[in-house]
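Paired with chain B in one complex and with chain C in the other, chain A is shared by the two complexes that follow.
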Partner chain A sequence: MFKKRKNTGIGNKIENSITKTKNTPITLEGLRKSIEKMDDAKIIEHQTQNSKLFVLIYVEPLIDQARVNEAVIEPLRRCTKEKISDCISVSEIIDISTLKEAEKQLMRGGVLLFDTIENQLHAVDLKNTTGRAIETSETETILYGAKDSFTENIEQNITMIRRRIPLTSLKSEKFMVGSQTETKIILMYIEGLTNPDFISIAREKIENIDYDQILDSSQLAAFMEDHTHSMFPQFQQTDRPDVCAFALGAGKVTILVDNTPFVLNAPISFFHLFQSPEDYINRWIVASFLRVLRYLSFMLSLLMVPIYVALTTHHYQMIPLQILYVLVDTRSRLPLTPFWESLLMLLTLEVIKEASLRMPTKSGQMLGVIGGIVVGQASVEAGFASQVLIVIVGISAIASFLVPNYLITKANTLIQFIILILASFLGIMGIFMGIILLFVHLNALTSLRQPYLAPVAPFYGKDWLDLFIRGPLRWMKTRPEALHPLQKWRYSRRR
Partner chain B sequence: MNHKHAKIIFIIFVNIIVLFGCSPIVEKNLVEEIAPVTFWSVQKGDEEKYRMSTLIPPLVKEKKRLLTVQVDLLKEGVKGFNLKYYRELKLGQLRMLLISEEIATEGISPLIDTILTDPDISKRIYLVIVKGDFDEYINSQLGVQQDLDYYLYRMFKHYDNQGKMTVVNLHEFMKALHSPSHSPVLPVFEANNENFQYLGTGIFKNDKLIETTNNLEEQIYQLLSNDHFLKYFTLRDLSFVLGHVKADIQLDINKAYSELMLTVQLDGRLDEIAREHDSLTRDELSRFELEIESYLEKQTADFLKKLQENKVDPLHFRNHTLRPFSKPLEEKEWSDKWEQMEVKVDYDLKLQPLKDIKN
Partner chain C sequence: MSGFSIFDKTSSLHSIYVTLMVNRIQMLYFVIILPVFLIYPYMIWVIILVGFLSQMSIFLLSKWFNSIYASKGYEGFAELLGERSVRVLAFIGLGLILLKITVITLGYVEITQHFIFPSLNTNWMILFILLICWYVGSLGMAPTIRFVVIAFLSTAWMVLLLVNFLFQPSNTIHDLFPLVPFDWTIESWKGVLFIFSALSGPEYLVLLAPWFNTRKKILKYMTIGNAFTIFEYLFLFIASLFFFGPHYLKEIRFPMMEVMRYMESPVFERIDMILISFYLINFVFAISIFILLFYGASRITLKKSKEQTTKSGFAFCCSIVFICLFINNELFWKEATNQNILLELEIWAGALTYILIPLFLFTSLKRKGRV
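Coming up: the complex of A and B.
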């Protein structure tokens, strides 16, 4: 009963029959069989003016019906030429020789044209290109700067990048990934600038993906990343074409995935996660201040609650007397220890954050207000949490949103929990151990096999001009050394 | 650095921390379970050596009471407090140590050493000498003033480095005690049923209190040593009050260490005149200046004479004997020379009247 069932061979039989079908020569019957039980697939027979029969096969939702009528059906009806393919007014007509090829074209929005006289199948690409219009980015909002963002249409996305970098050296290599989804992946880079190692590593990684479905760029990133079990993103996901253009210009590679508005940039470092497109729009002093503020906020969001727990549990000596006065007074009436109090409040906050994300926009806002104010206030009044902790949790939650990369914000919460546990057992020493552990982990990470902590470790001095601060653009004469670009200078005269 | 190296370095680091930093005995320090005391008052005991007092509960808005124990040893007192109170009294936030004048005149080294060797107690703890019964004052104020301990600490913190009164912490006291150049000082307060009042600066010889400055001496001391500034300089004998007095001090000791010339340039305002006089003229102002100068010269010389007789140097005169390429004077040698030194004081006062004057 517990023995594994023997393979009955049904699967093998089906596979054999499919293989057999794929290799059989194309007949109309074979094509009809392929699309049977597909209600949206159409087979239309027409005659030309000189009574030649032609058959059109297509999947209705995938094609542009108006263009099919205009470019295929009408010209063919009026056709008087010998070869019917000569009558069609499209740029490219593909001759199909195998059934597998025919099915692939059909399912990508192609119209199959069967010439009954010559017994030849042609395919015309007339896919339906309608989709979402170009909108403003919702994940990386900025006040000034370009407002366009990527859509699900990969061709449109490539256009947006090419408009920004109108160079023939901007190469785009196509890959089809996913045995089931056959997802189109485009690897873009600037030839003669981007380090060839990055291109070959990215190419190799994409080619090695063997999976049935690739539906999103983050799924692709999961297959391409060097460290699967890390909480830190190893690819920069962005839906902003200007960010992509900047990354390409710096010497990175960009990977676009069809049907995804998010594009991957690599290699990245830990510090890239703190850079916002607005950094390059603001005045450099303001931008530098904001960038420093982001790093500080990241540390605040990570450490404020653990420090509260460490101080109130182990190191009362380190608390300034004025604050200790408030703490002792509020904490003396609470039933929970600082650790459990903090853990519960942080979990509650995560629940509220997650719930408000899943709700429709307006309800989400309301939920945030109810969660933040009502639950916070009520828990203080009920004596479950101290006012000091509510303030600390609130500040740390707000601080976590200053990091422009949303993925790091999520990782941040988990790291906070780990440091919180260390702080409750070992106090400040635990916090330091947590930070050291974090940096050891970050140091071991790589993105496209490039060190994640560059340009700090390994050290690239010139790159520091655009690291913790954003130096004046005119001082940034060279591209980031950490990316080893083939063209070092940004100024054309210096090249 | 690859993965393996990072792990090795991390393990070494953790081991270093664990070996040198961690204590196997975990001390519970949850703020709601402990009572971090802010002051200790140590007075001479009736039968035992010390009578120690502190205010409980510290830092919490509950009804307060003064906890007193009679002990022979300081740490015995800590234990005694804990046996009397339901929260564990912790010393990590001890900010003030009030020592009675009686103990101070006998020497405060045993007390200070115990405090100094306790790793929990900060070296920034303020040391205060109290004349009278501090417990009596605290008891009288319990119902009147809430959080008295906290506000006392804020007072010392406020006047720290302000120059209006002497405020000394343990670190500064120990530095002065073990330095050959100067004698330690501590503030002296008078406590009674109603008041806790600043009296002046207590001058120590080694660890024993030998002298407390009077009102005028205190002002001269603050002007010459502490901050060279006085907001109000009251000269009761002359019926004058000078305001915003700034002192520029020049000190010359001759090579034989037999003569000290102290030149004080004083700038200030004539804030108050409490004597009969006509409209203020330039001549009269000059006369006042001369009168004050000669008065201050005499008073300063007397004050310094007193210090010489006691062989103490709270004004750090020895620092002026240090030369770049010569051996500094030994403590004993300086002390003998200081006692014999002829002191000359010269004040140069420039006064600004607060009202228009006649020419």
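Coming up: the complex of A and C.
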């Protein structure tokens, strides 16, 4: 009854006819037909000095016009040789035999050169490489350390990584993904160091993507993730080349996507999301302190408001007497229960946070300040929220920003709401149930089929030196065991 | 995820997990009520002696782990004992596992009611705990075993909180006297049985052998777990003796929790409520493991061990466990005053399984000439 029917519709017939056409031998007419109704596509006819006609076909915005004049048109005009392809001063000329191939070259910034005498089509790669200059990372800002960040140009991004790891064993495999976008994907890894399983899993996952558009690395990550329905990112997205180089050196794989400044590193664990590039720049004691602070802040941002709700709803006996006086005083005039009071304040905060992100930079900052202070103050005066809650919500909001990974900050908000609901029903017990569910969920997650809670569960004792604290680099003699690298030692000479 | 199986053996876990599992399974409900059954200071020696007895069981269990049958799981048991016998044993095991789940869950729920929610209908708490365990178990056996690390890290440190009670100015060495028993009553024998039953649990690990690197110094890792438990038992018992004294200890239902009630913090009063909630992590881990074993045993009993596991089947098992817990709670646990029949049964059942299962497996291996 539900058998899949073979599609014999009109769409299929057209597709078949297109395929047939595209594999047929190439003609100028066929090319003209391909680019009809494309105003940005140009067909230019010129003659060489010995009166041979040649036709240039290209899409104007995709090519470097100055280079076309300099490397193709002018040399051809002056050309006196028999074969016109001999006159062009570019490193590579590709011979094209089918229409499909010609279209592909055309849309990737190639200039098609039709030799009317020999009836042969050539393609010359003269793509327009202009793009954004290398700038400082805005998402992962650090005070000290490298300031460059990836751009939308994949070649430039590869260069930035290769400059940091000048090894021939740093391999890069190319894939084209997306039936419509034909997005270039590069899988990078250090051969002989990275576990071959990770490479083959990543390769398999990229090859299995069957989708029309891949416009961003996060979109690619969505197709490569082991767990689609989790709130937690299973790939580390970074726009910092030093982070990528560090990840590659540790034994991870890096995936670059064309037209995206964000690169994916995998496999990652939950704890990687709390590591900042600055950890390895600061003194180890300071870096360790900051890292512990980040974990604490994460827990604070998750639990402070639910604890307030749990205590004020179910467990007044847990609050010390001096604090209880303050709490009773502030809550006595409020019409809402602690749960509704907290929920409304958290939702308001989220609205302000989201609005300030979407506004232009200066307006956004102003909105954040005004929204935070005015709304907070007004809601206290209006009797909708207690001062204690405003303080708690404020602290938990600030604490949530300490986590270097923005994606986890967003997940954090949702988890906070879930724990809040549990706290309102089951008090402190509900909070712990929420935490257990969170741990259980994280424990079952995987990134490139590697456990997400490694090196805690499964347990890798040596990796703890760079987990909750950042131990001295001298002591980190081995690469993370959880990544199963083929080269265990970081030192080239064993000590 | 079509190929997902609850009992997938995708990874071979390090033997350190055995250490953690032995320890955490021995630190469940009984440890909370342990001092009530021991009372007298000379029971310190009994804890140590029974600890050695427990070590004997662990030694026998390690023989099983090192045998060729262990890593084969169900097939290994079937090869050694025959399929029919395995099915009969699985059927008996169903009852024993259910009894264990019942006692530890109802015991913990009773504690939460006593200390955190006096007016709460405990059936709700049972439901919530089982829902969490269902979620844990449904993710598979391997992640559930891995969860022991979190359970251990979240709860093992609690013992350290009691260090303070050992060095109170009011404590004297006389609180630990008499260290030699003047009379040995039936209650003292019951204490011995209780400790042995409290230490039971590792015998169920034989069912999890396929998930471990079984041949790598398993005895050493199990011994560490057992030794750590004995140390914890001793420490907790001595702390409660110092704090309450043997005469007052008799009167208290949950001495360990009562001790924690006296802890102070500038931020929270009643730290015991937080600690009890923390301890839920350990219970969730243990109950999830036992429910998974219950599911496995029912599949063997129903001759379905070769079929693919299903999440609905597991959910059905969880529902059965919930119904049993609900009935036991209403009929036996809530009604129990001085004599809790389920607790008495578990004391006997735990002690018997801990001595009989290792012995039975060892003799079976001997008979086959594989030791």
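Everything that follows uses one rule, which is that the second predicted complex is superposed on the first by the 483 of 495 C-alpha atoms of A that agree within 3 Å, B and C clash if a C-alpha of one lies under 4 Å from a C-alpha of the other, contacts with A are read in each partner's own complex, and residues count from 1 in each chain.
Keep this in mind: a contact is a pair of C-beta atoms (placed from the backbone, for glycine too) under 8 Å apart; a residue touches a chain by one contact, two chains touch by 3 or more.
What you are looking at is a predicted structure, and each value in this text was computed from that prediction instead of being measured.
Placing chain B and chain C on a common chain A by superposition gives a clash between them. Of the two partner chains, both chain B and chain C are touched by A:315.
Looking at the shared chain after the overlay, A:338 reaches chain B, while chain C stays out of its contact range. In the superposition on chain A, A:329 makes contact with chain B only, not with chain C. When the two structures are aligned on the shared chain, A:456 is found in touch with chain C, with no touch to chain B.
Legend: residue contacts after superposition of the two complexes on their common chain; A:428 is shown touching chain C, with no touch to chain B. In the superposition on chain A, no contact is made by A:251 with either chain B or chain C.
In the superposition on chain A, contact of A:444 is made with both chain B and chain C.
By the touch criterion stated above, A:436 is placed in contact with chain B and with chain C alike. The superposed model places chain C right into chain B at 9-17; the other stretches listed in 9-17, 81-89, 189-197 or 279-287 stay free of clashes. Taken together, the two structures place residues 314-315, 317, 319, 429, 432-433, 436-437, 440, 443-444, 457 of chain A in contact with chain B in one case and with chain C in the other.
The part of chain B that touches chain A in the complex is made up of residues 1-3, 6-7, 9-10, 13-14, 17, 21-22, 29-32, 34, 36, 38, 59-61, 90, 92-93, 95, 120, 122, 147, 150, 153.
By the touch criterion given at the top, residues 312-317, 319, 321, 324-325, 327-329, 331-332, 334, 337-338, 429, 432-433, 436-437, 440, 443-444, 457 of chain A touch chain B in their complex.
Of all the residues in chain A, the ones that touch chain C in their complex are 314-315, 317-320, 426-429, 431-433, 436-437, 439-440, 443-444, 451, 453, 456-459. Against chain A, in their complex, chain C makes its touches with residues 11, 13-14, 16-17, 112, 116-117, 125, 128, 132, 135-136, 139-140, 143, 146-150, 153, 266-270, 273-274, 277-278, 280-281, 284.
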